[in-house]
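In what comes next, subunit A is part of two complexes: it sits with subunit B in the first one and with subunit C in the second one.
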Partner chain A sequence: MKTAPADLQPNHKGHFERYNRYGYYFLTPFFIVFLIFSLYPIIYTIYLSFTDLAGWNTTSNFVGFKNYLAIIHNDLFIKAIKNTFLLWILNFIPQIGFALLLASWFTNQKLKLKGTTFFKVAFYLPNVITAASVAVLFSALFSYPMGPINMLLIKLGLISSANNFFQSNWATIFIVSFIQFWMWYGQTMIVIQSGILGINESLFESARVDGATDGQIFRQITLPLIKPILLYTMVTSLIGGLQIFDIPFLLTQGGPNNSVLTITMYIYEQAFQGNRNFYLAATASVILLLISIVLSLLMFRAFKGRTKVGRAK
Partner chain B sequence: MHKRIWKIASGAMLLTASMLTLAACGNSSANSSKSSTKGKTLQVWTFTTDMKKIINNYYKPMHKNLDYKIKITVVPFENFQTKLDPVLGTKNGPDLIALDASFVKKYVDSGKMADLSQVGIKSASANTTNYVKQVGQDAKGHQVALSWQATPGAYYYRASLAKKYLGVTTPEQMQAKVDTAADFTKTAQEVNQKSNGKIFMTSSISDLFEPMIGARKTPWVVNNKLKIDKSMLDLMDMSKQFVSGKLTQDTTEQSSEYFSGMSSNNIMGYSLPSWGLFYWLQPNAKSSKTGNNTAGDWRVVKGPWSYSWGGTYLGAVKNSPMEHEAAKIAKWVATNPKFQTKWAKDQNDFVSNQTVVKKITPQFTSKFLGGQNQYKQFAESAKDIDGKLLTKYDQTIQKAFVDNALTPYSQGKISKAAALKAFKDTVQNAFPDITVK
Partner chain C sequence: MQKALRARRTLIYVICGILTLLSILPFWILLVNATRSVEQIRQGLSLLPSGSLVHNWHVLMNQGFNVWQGMGNSFIIAACSTILTVYFSALGAYAFTAYNFKGKKLLFSVMVGLIMIPPQISMIGFYQFMTKLNLLNSFIPLIIPSIAAPNTVFFLVEYMETVYQPDYADAARLEGAHELKIFHRIMLPIMKPGLATMGIFAFVTSWNNFLMPLILINDQSKYTLPMLVQLLTANIYRTEFGAMYLGIGLTVIPLIIIYLFLSRYIIGGVTAGGLKE
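Up next is the complex of A and B:
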């Protein structure tokens, strides 16, 4: 930054301070909206988790930690937590793998791939389609007994009779994970690619001059230098993954046997279906909030540590 | 320069502030008027287009002097309750609501529905099918909802397929073939053998569970305790036999395969109620892909079970701005003989007013059913339906039973004990207050 001549500085600083307050004026609308539509609901949810509000009732009693004790012994809620993590792991590992592979190919100066722009757009496209359409698409593809996938597998002789995919726990889990992977690897690829493009090209050149192979360059130069980006991807993906709702809900509503029932679906079902147990939904929401906070803190700690290591090199 | 920025900033602040006050106003100001209806709008919420037709094509033409407007909002069935529950009984809520039989009890027992006695429902509904009245009564016996339709269930079958594979030419002969659940299974096996497995007796196990759940003897919940009717265990075995023996195509109810079976030639029949005829069969009888048209080839018999499935009830919301007018509409639609006669003929629907049913039964014929008089048979079936079977828990419990117990068991995925445990766990989760032993 340019520094102003010494004699002009106090004057400038005065101007700047006078302008300062407008910043706050412009921020107020956001904070007002945030206080009413975000902070208040969060606090109200925490309050509800200590009451027994349900159904048509408009008044409630304070019950202390009873709901928390009940929910940690609730098999379905525990299953929902397990499912959520399972779905995230099953979609994140292939997602980051594919994204890294494609990003390194697309940025490799030696390969000089043609038509990368087209492929980047093509890989990103699933992310543009709304989740509802994707769910309809896949439920039609895997439908039973006359769906296209079933017909194809029978024609190829891989299976003898049609398979009801959405009645099989693991098939449904894999389909949901695949959809999540398919929708998000393009996005992750773009993020990683921008990370790789930020690395000074001369580092790659000198490595190549020194006779390093592509694999060595990727492991020794690319990976360590995009660690911050990788961690960023991981944090955002985990937070998103904890809130996974649309695809499993629209595809099978959590079934079969609650195999793709996620935490947010559990909250939704408790709050808006059946008995409408607001207190249970609120308790589950608070626990989801706690899980998100703990995991984010852990990752930010890792994120900080790693970047320092990266800079020290 | 300074002034301008300040203006914009304060303008933005004012705008936000005024929005907030407006929002605050929306919540206050309770309902204060019951006197004049002039220029007001009556809000109707429904989940099918039925109500739109009824109000626009029948109610309005027969009530030309209405001094208020009627606004009909169609909310998809899946979202109906989620949308309705938060606003029910508030100023933003509807005045008149349509309620499906699967969840009507939830609202009937909620204490948020207006007593229809204010418009003289008792004398008006003297001739209404008894079970329809029972369903719309709350625990104290107040009539808070009523339906224009009675929905006795039946088995619809394909005449040409029945002739080819079973040698059956009349509905009476067909009824003899499916008179009990055992007969139904035997006939299904016969169809399977004679067609070399090409023809399925039913499209889905829903053709078994919808009738059998509708024909239970005990409600799902009695005295706050979960009750599993004995027939539900029979249903599990029968479904398993149908799936493993390939007696059903094993589609899912309301899936595209389920509906496309109505125009293809590989499904013998469907278990559907009276509304299934004009709501599901008629629109799907012609395939848009192959052009195959099965209209006219369908017949209807009572089948093995006396059951009811679905039905749209109408009720006015207590303390809503137009409560009284809404109650009037509900009463008119649910009881008016002139409307119900016309509606039955136009729509092929089976109505709840028994005087109307008696009057139109002798000369009723349906082209879609090859000239068969379905009214005779529906009138017969409607007598045996028990309106006290319905509880406010039904929709959730039935879904839990079908998804967590019946379907996986019928496909041989889990044992009966595991299926029942999964069912009970799910029910307990949804309703922590009821006893599940």
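Up next is the complex of A and C:
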């Protein structure tokens, strides 16, 4: 048998060392596009937050930290931050609650539930549908005075006359939170279920043999073991929640009384409506970036050790 | 004991049944109302379709709701983005899995860090940059950035680790195959199931994208489907309900069809690469 030249001999890892430079070549497109279309725009945004760029101008002046001082005293921006977190909390609590409950049922061997695949498909459905379409659909469903929800509630005798939901701050906040909940609890449930399925079944069985109830098993075994997944879910959901835009924007344009105006909507409206205050929008973006970075670091800790590449070889 | 278990099971089925209705009913009402007249919709709720579909269609078309154009635009953008995302993410994932090079751990960490940085944060700089490049009202800024999709690379790296065999590549090298050829002929086919899953997610994400086209495109002939939806909030539809429901329905139906056929892959892929928004 012919032997290969020395430099073609596989090394002990089965690799051909001289080919390793292809690792760089193959990652080049990714990092070039990232540098041009993500990193540069981020740096440019940070730069703009120190200028007075507005309107259709193409030039601007450097103004130092003026915009940052202005924005932390800007009531509308503070309100947008509060609204964003409020909307997130109001949708995340029921979301994680339902997801945990359903995932623990679907993985409980004792219950032997049928049709769980069907239910999963049904629960996940809203997540696939365009958020913009969902927003306009719900604005029609809750519309006044002839919307289907109003007619249904009257028929059921729950209200005596039609309700103009979108004139009430709290009704609008709850509708936005509900839509977010409705679109995401299926996704969260599937993630949590895969976490529970990763737990060794014998742990549950021996607990059951010892006479533990389902509630005890859930609190003492399941919850502690899926903690990393819960953290992952929470951080991804929070960072996703910080970006919320489509639903409140198309449902009520942020109204009534800016009760569902979110951070991303604030950025959009400052930059692309009225005076086109790019400098304020850029400043708000940088603050959003800082919040996201803090949360990403948390995220990174949750990710640690999930893949081999990140570990020492 | 047995009785208590049965009662509990029944309760769970009832709750799951209610949640299933909650998922389906809004879309059912939407599709039914798309076939009903304004009068019928005003009179009350119905779960059965009626005969005004054609009328609603004409109203919608007279309002310039160019659904075919919107669908075409959305399709071009989503299809091109998907191909670029899948191809270049596979290439990147292969680089991380198959080669050992200096700085690999650092590059991988950087990439994982990028997963959580959403595009909205840079949109002001991105918009100004695209204005300078004269790329407003162009699909290019909606397509090219999908070459760098950190979460897809991340998922495919995890996927590659389960299917990759160094021997395949080494055998091909001994026969003199070029590295890129090895990637195309051997690695891409191995990764196919993972690529399909990621492809579906990339397509749906791009198809549903609203904010980026909203800031970059204002020529109506280049509107994507989610942008067309925005037109349905116009005043005329406060009276023409049927046409409005039909308009929303037309944007929803393609996704429902995709979902019915591919739900197995989608549900299976959620835990893999399904990051929010």
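Basically, the second predicted complex is superposed on the first by the 278 of 313 C-alpha atoms of A that agree within 3 Å, B and C clash if a C-alpha of one lies under 4 Å from a C-alpha of the other, contacts with A are read in each partner's own complex, and residues count from 1 in each chain.
Keep in mind that, in the parts below, a residue touches a chain if its C-beta (ideal position, glycine included) is under 8 Å from a C-beta of that chain, and two chains touch if they have at least 3 such contacts.
The shown structure was predicted, so the numbers you read here are calculated from the model rather than taken from an experiment.
J.: For A:Val121, select first, second, both or neither according to whether it touches subunit B, subunit C, the two together, or no partner.
T.: The answer is second: A:Val121 touches subunit C but not subunit B.
J.: Determine, under the contact definition given at the top, whether A:Asn74 touches first (subunit B), second (subunit C), both, or neither.
T.: After superposing on A, A:Asn74 lies in contact with subunit B but is clear of subunit C.
J.: Per the contact definition in the header, classify A:Asn257: touching subunit B only (first), subunit C only (second), both, or neither.
T.: So A:Asn257 only meets subunit B here.
J.: Is A:Asn275 touching the first partner subunit B, the second partner subunit C, both, or neither of them?
T.: Only subunit B is touched by A:Asn275; subunit C is not.
J.: Based on the superposed arrangement, let me know which partner A:Pro29 touches: subunit B (first), subunit C (second), both, or neither?
T.: Both subunit B and subunit C are touched by A:Pro29.
J.: In the overlay, answer first, second, both or neither for which of subunit B and subunit C A:Gln167 touches.
T.: first
J.: Examine A:Phe65 and indicate which partner it touches, taking first as subunit B and second as subunit C; both and neither are also allowed.
T.: Neither partner.
J.: Would you mind checking which one, subunit B or subunit C, touches more residues on subunit A?
T.: C
J.: On the A-aligned overlay, A:Tyr144 touches which partner chain: subunit B = first, subunit C = second, or both, or neither?
T.: So A:Tyr144 only meets subunit B here.
J.: Return the residues of subunit A at which the contacts from subunit B and from subunit C coincide.
T.: Of subunit A, residues 22, 25-26, 29, 33, 140, 146, 272 contact subunit B in one complex and subunit C in the other.
J.: Within their complex, state which residues of subunit C touch subunit A.
T.: Touching subunit A from subunit C are residues 5, 8-9, 12-13, 16, 19-20, 22-24, 26-27, 29-30, 33, 41-42, 44-45, 88-89, 91-92, 94-101, 104-105, 107-109, 111-129, 141, 144-145, 147-148, 150, 153-154, 157-158, 161, 166-167, 170, 173-174, 179, 183, 204, 207-208, 210-211, 214-215, 225-227, 229-230, 232-233, 241, 244-245, 248, 251-252, 255-256, 258-259, 263, 266-267, 270-271, 274-277.
J.: What does subunit B use to touch subunit A in their complex?
T.: Answer in residue numbers: 2, 5-6, 9-10, 12-13, 16, 20, 81-82, 85, 110-112, 249-252, 255-257, 260, 393, 396, 403-404, 407-408, 411, 413-414, 422, 425-426, 429-433.
J.: Applying the document's contact rule, which stretches of subunit A touch subunit C when the two form their complex?
T.: Touching subunit C from subunit A are residues 4, 8, 10, 13-16, 19-27, 29-31, 33-34, 37-38, 40-48, 53, 98, 102, 105, 110-111, 113, 115, 117-126, 128-133, 136-141, 146, 148, 151-152, 155, 182, 184, 186-187, 190-191, 194, 235-237, 239-241, 243, 245-246, 250, 264, 267-268, 271-272, 278, 281-282, 285, 288-289, 292-293, 295-296, 299-300, 303, 306-310, 312-313.
J.: Would you pull the subunit A residues touching subunit B in the complex into a rising list?
T.: 18, 22, 25-26, 28-29, 32-33, 36, 56, 70, 74-76, 140, 143-146, 164, 167-168, 255-258, 269, 272-277, 280
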